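Input: structures, listed below.
Two complexes, one shared chain (chain A), two partners (chain B, chain C).
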Partner chain A sequence: MKQAIIQRIFLGIVMITAVIILNFFLLHAAPGDVVDAMLAEGGGGDPELAARLRASYGLDEATHIQLIKYLGQVFRGDLGYSFYYDQSVTDLLLGHLPTTLMLTISALILAVVIGTLFGVYAALKPKGIFSNFVTVLSLFGYATPVFWLGMIILLVFALYLPLFPAFGIRSLPEPEHAVGRILDIIHHLVLPTFTLAILYLASYSRISRASMLDVLGSDYIRTARAKGLSETKVIFKHALKNAAMPVVTLAGLQLAQVFSGAILVETVFSLPGVGPLLYESIVRRDFPVILGVLFGAASTTIIANIITDLIYKYMDPRIQSIT
Partner chain B sequence: MDDSLEIKEDAVLQVMNLSVDFDVKGNNVSILSKVNFGLGLGETLGIVGESGCGKSMTALALLRMVPSPPGKISEGEVLLNNVDLMTLSKKEIKNIRGKELSMIFQEPMTSLNPVFTVGNQLVETILEHKDLSRVDALKEAIELLRLVQIPAPEQRIKEYPHQLSGGMRQRIMIAMALVCQPKVLIADEPTTALDVTVQAQIFDLLKEIQAKTKMSIILITHDFGAISEMADRVIVMYAGYKVEEGTLDEIRNSPLHPYTQGLLRSMLVIKPDSSGFKKPLPEIPGSVPDLLNRQPGCPFGPRCSQATIKCRSMPPNFNLGFKRSVKCWLADNGRVE
Partner chain C sequence: MLIMRKITKLMSTLFLGITVAVAFTPVAHAETPVNGGSVVYLSSKIPSLNPLHSAYEVGLVTSQIFASPVRMDENNEIAPYLAESWEISSDGKTYTFHLAKNATFHDGTPVTSADLAFSFDIVLKYHRFGKQMFGPIEGYEFPDANTLVVKLSKAHGPLLLAATTPRQLPVMPKHIYGDAEEFMKQDAHKDPVGSGPFVIGDRKTDEYITIVKNENHFVEGLPYLDSIIYQNVADKTAKRIGLRKNQFQLARTDSVMRFSDIKEFSKIEHLALAPYEGIAGGAIVLEFNNRKEPLNNKLVRQAIAYAVNRSTLSNVLHGGYTIPSRSPFPATNVFFNDKLQGYAFDVDKANSLLDEAGYARKSDGMRFELNLIFIAQPFMPDFNTMPAEYVAASLKKIGIKVKLEPLQGFAGWAERSAAWDFDMSINWPGDKTDPAIGISRLYVCENIKKQAYTNTSGYCDAQVDEIFAMAAEESDIQKRTSLYAEVQDILLEEMPMLWMFDTPSLFFRHKDLFFPAYGTAENWDVMYWKTEQK
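On to the complex of A and B.
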């Protein structure tokens, strides 16, 4: 078990290295670099200044030399330095990450819990009103573009009914007390979290409904009933643990995206998360930041996969080893 | 029309006029029609018939576990110790299930939950019906496994169903059914998925436990061999009707209903000189009636070689003695051979 995890981590490191190399070449294959973007912003400039800037950023060296230098840095735990923000990439990421993680992880948890419950109750009466409601809700969730839903929610709950703030993560001025500040952040996160959760929820309720319907027809459910167990135990112990496997798979896939999966929501609600940072950096050709975000995303994917495998093993003992 | 049921002192279970209907796209389809039988203390009753004749549905109906919708128990009484199970509340019937009326199923491979240990599934049953601590329940679970002759029960209890063989799993199912020493054990094709040697072991085990606990067994099967091995009395079912009832001897040696006769003829007889293999087994011509499109008259009529004009109307159950009946016009005027 422990060995398997170590093996997975080692494989992950190899994978991340490959991802870095690939991303590096892809970025350098695209036309334009940070100097071009800077000069364009400043309304043009002379080639001499451009050359001097490139030299100072180390952009005048051959691509493979730059790559080797970059890899060396990464292995020493240094993700480089942002040209545009004039800040180390690690600090930049750490500054933006908390907002994104709070948003994506709480949306994910909400969606998994509520979505699965919806699915379970819908499966109990597959032709009932609630089941139809869940089906319609899922279709709605699948079909709605996230930015549109975000804007509607903004209009309704921030403008017409000003219950929640419309943008940002903190009020200005900030509340003085620490508890007040935490509540303030939560207050700001309610709308974006629900926007994201409603979209995630669609998949979970659909998948758990289908999976639950399947499991409820199993022989072991009949056995559980014949033993005299209460319906609650039959559903939430015997059926749910079997039916939850597809939910775990999906949650694992979405957990892999928590790092950068909320660009649109963050943009609509003007949250200072990783999404807008990535977008800005692409526009400005700020390669170290882009590479840093991609590195973080790749690492999250690998960690999420290991976690998913561990949960699989806990959920279903027939799954032997995690290799 | 109905059996005049003689309720004996020691009758554990009395089933009267049990009927189950299914709703198939708005049509009411009768799956089980007014089935009657009684079960004595320590007795084994075999219910035999081909697929779709309603024998498993009878078992599920006794526990009120007919899948609903589309099914429902439309009529009938099931008296367990003179309490009608059909009138109990959901909670009361839940307390009967697995306690006084237990059931084991055809597929030991899929009847245990794959994601919980054997011990977990046993202990939860014990805790559901008995007021015990978890530790005591675990001890009792180990004792139960010993009772069903599982070697090294302390280890087995920690294992998952997929780590056990089919016979072992069926033993676990039996152990689970025995938790509260039920009055009646319903065994729905308990050995169909097992090979012959394991089948014999399971039957021996059931008989042994029955001798110890005076438990009554309802054995549901399509295999006359299993019936001969286990049953004291036999009910033959066809298309949702009880067509014949009698002791094992009566059914085996002097079957009255043409369907029972056909069923017995189609049994494989192994002779020492293997001559039995040279000619094909006689079969019952035709196929099971379409329950969606029932024709009036005897349900077996269209396949019956002895059918007469009379068979266009439904024959009643003719009582020919104590717990001996047949649903066939042939029994009416002594034309029975």
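On to the complex of A and C.
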């Protein structure tokens, strides 16, 4: 078991290195660099200054030399320096990560819990009104573009019914008390979290409904009922445990996206998360930041996969090895 | 009329050479400014607080943190700021600045002539227009701690105008910035220390920046406001909601909203649109690649100028918030030639010019095809996608087929522009206050470089070069004016690019807020509430 995890981590490092190398060359194939973008943004500039900046940013060296230097830095735990933001990429990521994680993880938990429950109840009466409601809701959530949903939610709950703030992660000035500040942040996160959760929820309710229907028809459920177990016990203890496997798979996949999977929601609600940072950096060709975000995303994917495997093993003891 | 007024104004400060030392005092306004209060400015992202950063919004913050030697007053005259007086020698090669004795940086150290010299050097080396602004600086003399003598290798007209904004010449403390080797990689950018009217307060990158009144500001009585908050909001819906709910009392129009929105926001009762009355300008131009056939033919370039109805573009599509350009210089420029009217809309004339140039219509009604590069949506579509599509539709009528090539972001466009790989290009060069900084660079032969915003059109004319060079080396404002008037005549005739429309900076302000829309519209220390705010 321990060995297996070490093996996975080693494989993960190889994967991340491959991801960095691939991304590095892809980025350098894109037109323009950060000096171009900065000069263009500032309305032009002197070609000599551009050359001097390129030299001081190390952009005048050959791509493979830059790559080797960058890899060396990353293995020493330094993700480089952003010349657009005038700060180190690690600081930049650490500054943006809390917002994104708060948003994506709470949306994910909300979606998994509510979505699975919806799916389970829908499966109990597959032809009932609730089941149809869940089907419609899922289709709606699945088919709606998230930025549109976000805009509508903004208009309804921030303008017409001004219950929630329209932008940002905190009020200005901030409440004085620490408790007040936490409540303020939660207040700001309600709309974006629900927007993202509605999007996620669709898949969970669909999958758990289908999987539950499947399980409910199997022999061991009939046996459990025949033993005279209560319906609640049958459903939640016997059926759900097996029906939840696809949900875990899906949650694992989405856990891998917590790092950068909420660009649109973060943009619509003006949250200072990793998503807008990535988008802006792509526009400005700020390569160290883009590579840093991709590095974070790749690491999260690998960690999420390991966690998912561990949960599998806990839920289904038949799965012996995690490799 | 306007230009004469501007000349006399500038003459009083420049041409006379010696300025009487007067302490800068806040001018008397019709209403009494309220001391105190706060303003929330609807901002886009402020990535850094490096005073030489390229992002426009960064300059809006650092212009309050840093002070410049001089600045523009409400009559667009050069007024004392950090320098309470200055002299220019008769040969234009020596500038002497006398700094205000009570001026200190935010850490309490006095602002000295050494700091000013240091700032000239840093700007010269690291500012995007350092060379154009202060290139001829040869050396300094330091008669005392408050006096700096700047020695030039040749007379240099733009120097004083370039020193009118902290965006171009922030006076930086040598004792803080001086130690690190690399200016662009300084820790000091995290907490900049200047001598301006505000100090950096609470802030979160990507969310907001608060600046707070500098209680020890060297200008008596300023700033009026206690604080300004720059709130970064990315989404259009959120911006609308915030403006409606009075969550922002100030917003710049062009970077944050479309012209169609301005009309809608103008209906909001507590908002007013502040018209721009300043001196810095820019224009959206349709740049021609003058090297390539058929655009190397003057008649073709003129035909295109006649074929685009720029008045419709500005007055209908932009709702009157832009102004059809009349000259190669924006109408707000100090040296704008007021006699010029630009090209009228005349399709017949355009057609006959093309016939005359030898490009007859072929069987399909088309004469030739040109490509047109511009920055794709969502970047400021009113200034890029919309004019590009309008040009394509207009030129189709005179038999020119236009292939639209939207490019991703500044970087995508800059690469094509730098490679001279275009027939036509939508470009937005600013004049950077002085023609010798922001305008001549687009036309002189020596600036034909593989770099965006240089003379990428490849236009080259010895006479134009000579006039620009003479005007730059002239400190007599009247002589400069007549030289620039002449060059505007020549360029308008030669049409190396089509100057489509001027883009004045417009700001939405709360109706009770006084907003200084003069100069470069960045003297926010004199912004004030007309009535007490709750």
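The criterion applied here is as follows: the second predicted complex is superposed on the first by the 323 of 323 C-alpha atoms of A that agree within 3 Å, B and C clash if a C-alpha of one lies under 4 Å from a C-alpha of the other, contacts with A are read in each partner's own complex, and residues count from 1 in each chain.
Following the convention adopted for this analysis, a contact is a pair of C-beta atoms (placed from the backbone, for glycine too) under 8 Å apart; a residue touches a chain by one contact, two chains touch by 3 or more.
Being a predicted model, the structure only gives us computed values, none of them experimental.
J.: A:Q87 contacts which: chain B (first), chain C (second), both, neither?
T.: second
J.: For A:G44, decide between first (touching chain B), second (touching chain C), both and neither.
T.: Only chain C is touched by A:G44; chain B is not.
J.: With the two structures laid over each other on chain A, which partner does A:R222 touch: chain B (first), chain C (second), both, or neither?
T.: Once the two structures are laid over each other on A, A:R222 reaches chain B alone.
J.: Name the contact category of A:A122: first (chain B only), second (chain C only), both, or neither.
T.: neither
J.: Could you let me know whether more residues of chain A are touched by chain B or by chain C?
T.: When the residues of chain A touched by each partner are counted, C comes out ahead.
J.: A:R284 in the overlay: touching chain B, chain C, both, or neither? Say first, second, both or neither.
T.: Only chain C is touched by A:R284; chain B is not.
J.: Quick check on the superposed pair: does A:P162 touch chain B, chain C, both, or neither? Answer first, second, both or neither.
T.: A:P162 sits against chain C, while chain B stays out of touch.
J.: Using the superposition on chain A described above, determine whether A:K233 touches chain B (first), chain C (second), both, or neither.
T.: Only chain B is touched by A:K233; chain C is not.
J.: Check the residue A:L191 against both partner chains and state whether it touches chain B (first), chain C (second), both, or neither.
T.: neither
J.: What is the contact status of A:M102 with respect to chain B (first) and chain C (second): first, second, both, or neither?
T.: neither
J.: Which of the residues in chain C come into contact with chain A in the complex?
T.: 40, 45, 47-50, 53-56, 125-132, 182, 184-186, 189-190, 204-208, 210, 229, 231-235, 237-238, 241-242, 244-245, 247, 282, 407-416, 418, 428-430, 432, 438, 441, 449-454
J.: Would you tell me which residues of chain B are touching chain A in their complex?
T.: Result: residues 63, 65, 94-99, 102-103, 105, 107, 110-116, 124-125, 128-129, 160, 162, 173, 176, 179 of chain B touch chain A.
J.: Going by the contact rule set out above, which residues of chain A touch chain B in the complex?
T.: 218-220, 222-230, 233, 237-238, 241-242, 315-318
J.: In the complex, go through chain A and note every residue touching chain C.
T.: It is residues 30-34, 36-50, 52-53, 56, 81, 83-87, 92, 95-96, 151, 154-155, 158-159, 162, 166-170, 172, 267-270, 272, 276-277, 280, 282-285 of chain A that touch chain C.
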